[in-house]
Amino acid sequence: MIIVLSKNVTKEETDSILKGISQLGLEPLYLPGTEKIVIGAIGDERKLQTLHLEALPFIEKIIPVLEPYKLVNRKFKPGETIISLGDVHIGGGTFTYAAGPCAVESRDQIIEIAEQVKASGAKLLRGGAFKPRTSPYSFQGLKEEGLRYLKEAREKTGLHIVTEILHTADVERYYEYYDILQIGARNMQNYDLLKEAGHIDKPVLLKRGLSARLEELIMCAEYIALAGNSRIILCERGIRTFETAMRNTLDLSAVPYLKRETHLPVFVDPSHGTGDREIAFIMAKAAAVTGADGILIEVHTHPDRAESDGKQTITTGAFTRLVQETGELLEVLRRQHNEH
Amino acid sequence: MIIVLSKNVTKEETDSILKGISQLGLEPLYLPGTEKIVIGAIGDERKLQTLHLEALPFIEKIIPVLEPYKLVNRKFKPGETIISLGDVHIGGGTFTYAAGPCAVESRDQIIEIAEQVKASGAKLLRGGAFKPRTSPYSFQGLKEEGLRYLKEAREKTGLHIVTEILHTADVERYYEYYDILQIGARNMQNYDLLKEAGHIDKPVLLKRGLSARLEELIMCAEYIALAGNSRIILCERGIRTFETAMRNTLDLSAVPYLKRETHLPVFVDPSHGTGDREIAFIMAKAAAVTGADGILIEVHTHPDRAESDGKQTITTGAFTRLVQETGELLEVLRRQHNEH
Amino acid sequence: MIIVLSKNVTKEETDSILKGISQLGLEPLYLPGTEKIVIGAIGDERKLQTLHLEALPFIEKIIPVLEPYKLVNRKFKPGETIISLGDVHIGGGTFTYAAGPCAVESRDQIIEIAEQVKASGAKLLRGGAFKPRTSPYSFQGLKEEGLRYLKEAREKTGLHIVTEILHTADVERYYEYYDILQIGARNMQNYDLLKEAGHIDKPVLLKRGLSARLEELIMCAEYIALAGNSRIILCERGIRTFETAMRNTLDLSAVPYLKRETHLPVFVDPSHGTGDREIAFIMAKAAAVTGADGILIEVHTHPDRAESDGKQTITTGAFTRLVQETGELLEVLRRQHNEH
Amino acid sequence: MIIVLSKNVTKEETDSILKGISQLGLEPLYLPGTEKIVIGAIGDERKLQTLHLEALPFIEKIIPVLEPYKLVNRKFKPGETIISLGDVHIGGGTFTYAAGPCAVESRDQIIEIAEQVKASGAKLLRGGAFKPRTSPYSFQGLKEEGLRYLKEAREKTGLHIVTEILHTADVERYYEYYDILQIGARNMQNYDLLKEAGHIDKPVLLKRGLSARLEELIMCAEYIALAGNSRIILCERGIRTFETAMRNTLDLSAVPYLKRETHLPVFVDPSHGTGDREIAFIMAKAAAVTGADGILIEVHTHPDRAESDGKQTITTGAFTRLVQETGELLEVLRRQHNEH
């Protein structure tokens, strides 16, 4: 339940509500806004009847929240969450490119790619140091060495690093290396990791699981938010269906759905979503049209020599063209948006 | 296998090849183009070795076709198929709107909607007279009466009619009413209906089945083409997955995939693909960006009073805005396309 | 809604109820049983309030039916539907084998197989004369010639014929050839065909579509029943999922679910359900344990020479063993059932 | 590749092969059996050509292993893996019941249930102390307190404990509490946890992920085996499909498939697989027929009062009947098996 307080509410009145909620066994949330104070109550809402809130003069409005997600619910917050990293602002009408190779393969590789995607307009550098692979006999990433190369690429280019952390203990251990903590599709429901991500002061990029319903994805974001961190980017990356023509089925309709249900920014990963570089290029542009706040795309100087995922990776040249073409579409979209 | 003949090939030489293919038990295809003659051979290609085609002087090139689809294969035809209906040209860089209600409900309803969508830029009028419904107790359409109203709407507006025909016998019976014969998702693999659609001289819009792989959709188009009609529009309309937030999962990546594999135009139906009017509006624009040749969209003057599918139907006002906004995006896309 | 009348109800009283239901725009159903008369009312049940049925002395019980399926609903009928063909009784505790090749390939083939499966205990002979195939270039069945061979096999062995009819017009045209009309998975929602099957006086075997929810399967049976034929066998034959290790995912839990929801017999087709003869053999036995009333299984004297589906076809020798082993399990199951 | 050595091979000869494999960059495996020594080589098998193994007199046979899984591959080991815990032997023809509540709720609850399922024939006690839940606001389990109750139940009844451990660090921390470490469906591809499970000297029960292909499940077992622990039980627990009638689609055909591909015991969890206690009861018996080595089933003295999953939980009374009825079927199956 959301309780909007009147403008001239006193601190005592506010505290009395918070205390009342708490005594009934629900969790009170204090959400001060620029104009008004909003209070949330999470738990069995029926119990709140005994408080007779509707009779209190300093309460302006009471809004029930039927969805199981509360903190990340669009209803809980007027406007969209904007996540700022230095002068990069994710959400709120911008479109941000996170580009880079599937895996960090060497110092030279990551730095060369970083410099090129930076020049083309990327603000974030993606690249995996820990690669969860189906086979124990496949390349598993450079691990900490890879993280060090990412850090060096950051220092050289000013790009912010988005990289996947697989284990709870690593969230703290490798804190210095990532600017945005990525939680991968296989870990979407690793609740311990979600809670740990809720304790840091850096943004989290949460990927949708291969067979996760959108409500489940949102509930995982709720885990992170409830643990204290609401700087969350949701990421659609393709779901598993019966179709075998492509690696996954990229569900672009998830973007407007997630943006209507939550106040969080939404990214799209067209590379994993399709497994095919030509189609990924096209779907990246389509993602912008669906209202995505950015993309996570695999880019390599030499995709055909990549250790993993080469087939779905575009060249740095194609990335330059993608940014240019998407930019032209975004210009039109923004004008259309303003006319409304 | 595709056999490209030299420019100066004689009729006798051409016939000898066709006869040779035929005698080996394969089906020969004679495909004369504006510049060159192409011959196709469908069946067990290994048998063709005995013809020693590679040694014949009047043969320019031999291209094996590994895919199970031949006639609709992109390799079988240089350029895209363009389907013309009067001055409407589907495919080849245009973007065509097929708009109208889910079901024809009354004479006034369909004529009013037809006039409005025509004014906004639609070239095709969609509307169902026979409605396949999950329950035998639901509204099943106005049937032939509905077709008569569609015909009247065509006469009044000049719009071409796209409407679903459910049964083989109805293809001929209702020939006068449709300009484009629609084969619905549930009938995608009704092979008798496909063959019947192959015998008419009107275009066919073939919808992807709820659980059809893209290769299966293409094979169904092959059935129609083999029966004699290659004016086929493929239509992505959402697939059935585990996701329950929306009615179906709209697979927009199917568009570039189908356009790469076949020479046929591809439409998208965002209404059934999402089941949600707000999201359908957005996905229609995204479809244009993926390279679709048009959309099939549910439009109604009063969606909330519609007999069926109201939730996924946009208003005529929204349709006007959609055409305007999509047009601005298409302008950018065409400029980008030409720069390549 | 189901209305159970008292034992001593008069004809006039019964008629008055039927008339009252009819006048309110609902469809009345007269369902006389051996002990009591039951009346059904199909349509908007809220309207029935004006009849004040609960006040009538000759009404024993009123049962609302919330499910969208009525006639095939377990609630509409005490006991299970038993379908009798001569001395073969399907349902009600028996277990019936429908065995035979995927496709009728020749006179000798079908007669030889028929004689062998008959000797092993099959009561029904399966075999396709019309084969719906993904590719137009694949073997499509012997058509009417195949039906004639099936008829001859019936005359020689006394087996009843289960064979697929693809088109509405063929239901009547080939009436003499089939004893049980099979509607295939691709045609499950071909409503015209369902209605036609509702007009014949022979049983119908209705296969679940590749992506059909169980409720949709039941609604298709409702179409047949509403058209007049309630001798329907439902058939689980595997659904399409993301799993690629086998041809389909055989959903055996559908059996107890369908038997709880409807009063119809339920068969299982383990051949298409798995696409693998070894696993089909095992799943056939498991089907018996889930409460299935029979199986539809592909059997061939020489599976490896079969025109289609050889990989999933068991030998006649294996079939003999299957009947033996399943019989031993059924004996145990019947004893367990009686002890309850 | 599998290399079977002759009976009279010397230690020097064996070592020379192992060394040769190692020097080529492949991983050598030394697998001494009761009669013969088998050597495995994991990696790029083409490199082994330079060893000219086929020419060596002390090599009896060379078997290529095309599947990506090696150690758990049926080809790598003659016979089935049998996992012994005291006098309980899992695999090799036995059928083991792991029964108990979804979650440990209190000391009395778990001890009462444990005593009852023990009396009915269960050998393993299941019960969750850490419950991964979709919502952060749901009951998350009693955690360590729950583990202590499980331990007490073990002491009182002699049942072995199967319980889920969610996090890598907990594998060691809670080592004393579990006898079989359960890895849940959401964690199937938590590779760090798999590796940790590979370091312990207790068996691991690995559940199939909601959208995991069988090959992926087997590869996860390979991760555990490669880390050193080959006492692994695979567990089918239902997959996520489009069907909404039940909680999941229980894929019983996975059992014979997994047993053909690997040498590991396979369990079935019909409770999560169906989400419906009546159907779970039936599917448990069907699982026995498919060749499963045991089941994991939710049993409670008062299912309707259970904190979680009550709908899919059978009573202790039903469990007694299940063991009885399944036992009668198993007797028949064993006789059938021996006759072959």
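Going in written order, the chains are labelled A, B, C and D, and every chain counts its residues from 1.
Note that in this section contacts are C-beta pairs under 8 Å (C-beta built on N, C-alpha and C of every residue); 3 or more make two chains touch, one makes a residue touch a chain.
Because the structure is predicted, anything quoted here is derived from the model rather than measured.
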> What pair in A-C, C-D or B-C shares over half of its contact pairs, by residue number, with A-D?
Replying inline: B-C
>> Comparing the two chain pairs, does B-D have more C-beta contacts than A-B, or is it the other way round?
In response: A-B
>> As a quick test, compute the distance in whole Å between the mean CA positions of chain A and chain B.
In response: 37
>> With centres defined as the mean C-alpha position, give me the chain B-chain D separation in Å.
In response: 49
>> Among all residues of chain D, which ones touch two or more of the remaining chains?
In response: 211, 240-242, 244
>> Considering only the defined contacts, which chain B positions touch chain D in the complex?
In response: 211, 240-242, 244
>> Which residues of chain B touch chain C once you look at their complex with the stated criterion?
In response: 42-43, 68, 132-137, 166-169, 186-187, 189-192, 209-211, 216, 219, 222-223, 226, 240
> Along chain D, where are the residues that touch chain C in the complex?
Replying inline: 211, 213-215, 239, 241-246, 249-253, 256-257, 260, 273-274, 276, 278-279, 282-283, 285-291, 325, 328-329, 332-333, 335-336
